[in-house]
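Shared between the two complexes below is chain A, which pairs with chain B and chain C, respectively.
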Partner chain A sequence: MNSSIISKRVIFTIAITSLSIYLVFLLNPEGALRILINLLTFAGIYGLSAIGLNIHFGWTGLLNFGHASFMGMGAYVTLLLMPHAAGREGEVTTTGLPIIVAVFLGIAAAALFGLLLGLPAIRLRGDYLAIVTIAAAEIFRLVVRDLESLTGGVYGIISYTENLQKFRPEFINNLSLNYEFAPSQAWVGIIAWISIFLTLILLKRLNNSPWGRALRAVREDEDAVRAMGKNAVWLKLQSFMLGAGIAGLSGVLLAFNYGSLETTVFVPLLTFYVWAIMILGGVGSLTGPIFGSIIFWVIISETDRLAYIFFENANGQQLAGFRFLLVGLLIMLLMIFRPSGLLGKKEELLLDVK
Partner chain B sequence: MLDQLGNGLLLGIIISVASVALSLLYGVTRIVNFAHGEVIALGAIATLFFSSPVDYRVLFLDKFSPLGINFALSCLLAVLLCGLFGGLLELILFRPLRKGNVGNIAVLVVTIGLSIFIRHLYLLFATGRVQNFPLELERRQTYLFFDMTPRNLKVLIAGIFVMILIGLLLTYTKLGKAMRAVRDSEELSSISGINSDNIILITWISSSMLAGLAGVFQAIINDVRWNMGFLILLLIFAGTVLGGIGTSFGAMVGGFIIGILVQVSVGLPFMEGHTEAKNAVALAIMIVILLFRPQGIFGQKERIS
Partner chain C sequence: MSNNLLEVKNLKKSFGGIQAVDIKELIFNKNELTSIIGPNGAGKTTFFDLISGFQTADSGDVFLNGGDITNSQPYKIARMGMIRTFQLTKVFDRMTVLENLMFSGSSVKNDSLTKSIFKTRKQKNYERDLKDKSFEVMEELNISHMANSYARELSGGQKKLLELARSIINNPDTLLLDEPLAGVNPKLAEDLLDLIQKLASGGISILMVEHNIEAVMKISERIVVLSEGTLIADGTPSKIRNDKNVIEAYLGKDDE
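This part shows the complex of A and B:
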């Protein structure tokens, strides 16, 4: 009985996702593939980030609103360890670590930052943790912006994409000639989706392991976990580190997708984007965020034309404003009418804490 | 360092008034309202709309011309509008959620969505420009050991006056007692004949009016921006938490401390050349307070866990 309901929801979700991709082709007679690759790349990166957030909120019940800072930490550490140019003068650093090592260290740094941010989680209840994490993320952003000598400050980091793009397979270049899309972005997109795939395999195993069960037990009843002799505090911290590490990887990919990195990327709105994707996909669901992310990005990229109905000559600011307007509305409506999203399980939602 | 004291007091009064509003709402309804900043911005933007000269058309998409009302009256109308807005939010959105037994964390996420939604409505309709109230420029003067413009001094005094008034209202009137009763237990207060729905509605209205007033203050002291509420929201959280969330007196003091600390920290030796990071100091203080004394300076312990 139960499994048949779940499979119905899976079919429904896949149908909606396919429909939204079809919509992209329908609405864009020309250059649909280019648009699709663009939004699938973003969907992959944000989906990966939402998977990380889901470990915090969906699995462990930790209200993390500082997710953007984990992404930022991963991105900054990775980029600064590789050859790049940064700052007002575009000061060039030609030496650096190989990309694999740099990314690994970036993920480790994000996880370590997760550990640091997780420390308040030991003592604080839901809504307080939300305030602390969002504040910590702002501190991170303000500090990164102000440490210009190290991070390039407001001038950001540039000339680092070659570290990744030099490994781009030839077939992407060949395809891009025929179908007119940006080969560099397609390469980032492919890596993002491979990362999602590998992360999901890892998490699937973890989820069914004693560790995963203990983590969900922390969400349901912390005292019971303690009574069973498990260290609930350490479990929470591990959850924070794991989710933050995954977010760190998605931050690196985001940086490669943008081609230049600025502190304005990691504003609180980025966190709220990821939250919207997680809720849409389904809190606590392993694969939900992927579908949520694709649908979310189709909505985001195709509703621009709606803005033109309201504003005849909409400028960039108005288009962006309209986009965020929809994100806010989406979060609100989902939370009110369908908090379990597409694939979440209602009984697993930790939302009734009084 | 002392030359920043005047600025600190002014930022302090903005945060203080807004923190009292946030704390009042949290105390009675247990809602951590992330849309609080947007009510603040509404106060400022509405005042701008009411008071700007009629021919000043850049502001609202060229479609609406401002009303050109007397400035003091505009402020009053804007604060009343904020109260109306808060009341509508409670009636349309938050009361149904409460009746539907939606949990606090879900409501928190709803307020985040609401905040993003309203903030970008402002961006669309009030444009991204930084605006100023139609007021004459004034020269700063020295009062005792701080300096500020005469107008800002009036704002400071008005703010302190309002907060004393709120303190008296909460302590001595029947309404204040009823609010505290609902805060302690909605069920028990209902049994005692208090209409808790009405009390919560009044709380929403008064909290939003205070927030709107804070917005008017912020706009007089600084300027009007579409995202002004969100920019100051975390400082308001910091003030509220520092004083003790749910306590009005604590929020007043906490707000002032945060405001002064933020401005004075500009003068600290390690902050030289890093003035933009001044908010980080306040946020760091908030995190430390939450870790070691989560009930704040004036809060009571049992409200936390």
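This part shows the complex of A and C:
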């Protein structure tokens, strides 16, 4: 393992991330800061989710394709525990828990959902687990949609953002007057990036710990783990719960970023975006998903501008198609030229599914 | 009961219509080096899988040191001091040799999530001792120069050594070795044999499945012969060498 090669990777990663942020300013002569704050907020939220997924796949080798449901579970439980308005009538409930408690319970609910989903599914290997998790996530979404009296069903949940925004520091408001960006979104973005920072501190400790070592052993060979007297199922469940809890927090932040919550947010596409970010950043890498997420969101949000360069009179539908084309192309190029992503360790982690 | 290590009674396992294992009674003694031989498909590995919990038996009982371990979880059986290796070597490919050993030597308590979050002094000390212990085992098996290599970079024989090192780091009472010499060069095979013998004389009970008859005859105190899932002979090497059934079913056939 050569440390200078790793630092080269870090330099390359920071360079390409800076370049993509520069691209935002280049393509948007006006309102670049507003666009940047928008995409950095999304990048923070999705990056946090990808960090959770990385515990499942990068550390433990679990093919989880139901990540959106963990995000959804966190978001719905948190919002429903706070003052909100749900459903067609949309009457605002005035009672509810303080936001800190609600978020904590939302994270716990997501982790518990991870455990519940994991109990029957976790004995499955590889692609079988992928199939079960993607199906479970869809079941979750459809059940939430049909429980209209509780979750607001297709009408969703509104009037909950004040729970967070009333704590917004004054300096954001002042800055927003001078630089013309949405202060509420900036506040969500700041919290997302603080969450990432704190999560990474926790995971850095765990990554170099006996527990992290045990998860990696599970990833490499479950049978050998069992033969050494270790309970592989319990280790996998712990991994599932931790990753699901982190996803739950990112789901809460996503809800606050949108301002209203509907079940359509948690379609499988969300899971695939998070997968793309994780692969782009580097499977198994701690900080990789952050850079992956920023680059991913620059592509997502600047596709329109790029499309105008290639096609002068593109309409909305064509733009949407072009966006998917770019994301698909990105993943293909990655798989061919850099399967270990921006910051993945080549010696340790190729994208290798058993 | 006192000297019985492992007792197997009426153990049966079939796959589809094929009876893989059908053993009426078989008792292994403590502190003995016993080899299990037999032609391919005789049910040797299935037998290992059954007694180590990796496959569930259709019927029958398995007792380890007098306690019933029939169809117990593999990790529970391993915690009782019986550690197995695999016919196709299972090392943790994308972990270093040192990590392979430290994971295997680490106690369940030491692996706990909460301890790993708080990184207690106790855990740090434990890890330091564990590292020393891992290097001791590596020295013993002559693989310490590869401590920081990834396990997948090792040759087949070195992987066998690593697997053996991993199995003995926690001083097990019993070792189940599934073809420890398969795919190993003659020089290393010699070393491995010495090592196995040394472990046996150090007080570890060893059951070994092996096709290398020369080696088996040389180091075993007792040989058990399986054919088509059933026991056809059981005794000292010299007795087995001259057993008519064994010559017919195994030794005579693939005359090596």
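Definition applied: the second predicted complex is superposed on the first by the 323 of 354 C-alpha atoms of A that agree within 3 Å, B and C clash if a C-alpha of one lies under 4 Å from a C-alpha of the other, contacts with A are read in each partner's own complex, and residues count from 1 in each chain.
Methods note: a contact is a pair of C-beta atoms (placed from the backbone, for glycine too) under 8 Å apart; a residue touches a chain by one contact, two chains touch by 3 or more.
Not measured: the values here are computed from a predicted model.
Applying the stated contact rule after C-alpha superposition, one finds that A:145 touches chain B and leaves chain C untouched. With both structures placed on the common chain, the touch criterion links A:63 to chain B but leaves chain C unconnected. Partner contacting the larger number of chain A residues, of chain B and chain C: B.
Within the superposed three-chain model, A:321 lies in touch with chain B and out of touch with chain C [touch as defined at top].
Legend: residue contacts after superposition of the two complexes on their common chain; A:169 is shown touching neither chain B nor chain C.
Of the two partner chains, chain B is the only one touched by A:123; chain C is not. Within the complex formed with chain B, the chain A residues making contact are 63, 65, 119-120, 123-128, 130-132, 134-136, 138-139, 142-143, 145-146, 268-269, 272, 275, 279, 310-311, 317-318, 321-322, 324-325, 327-333, 335-336, 339, 350-354.
Every residue of chain C that touches chain A in the complex is listed here, in rising order: 52-54, 73-75, 78-79, 83-86, 90-95, 99-100, 102-104, 106, 108, 110-113, 115-117, 119, 123, 127, 148, 150, 166, 170. Those residues of chain B that touch chain A in the shared complex are 30, 32, 61, 97, 101-106, 108-110, 112-121, 123-124, 127-128, 230, 234, 237-238, 241, 274, 276-277, 279-280, 283-284, 286-287, 290-291, 294, 304-305.
By the touch criterion given at the top, residues 1, 202, 205-206, 209-214, 216-217, 219-221, 223-232, 235, 238, 242, 347-349 of chain A touch chain C in their complex.
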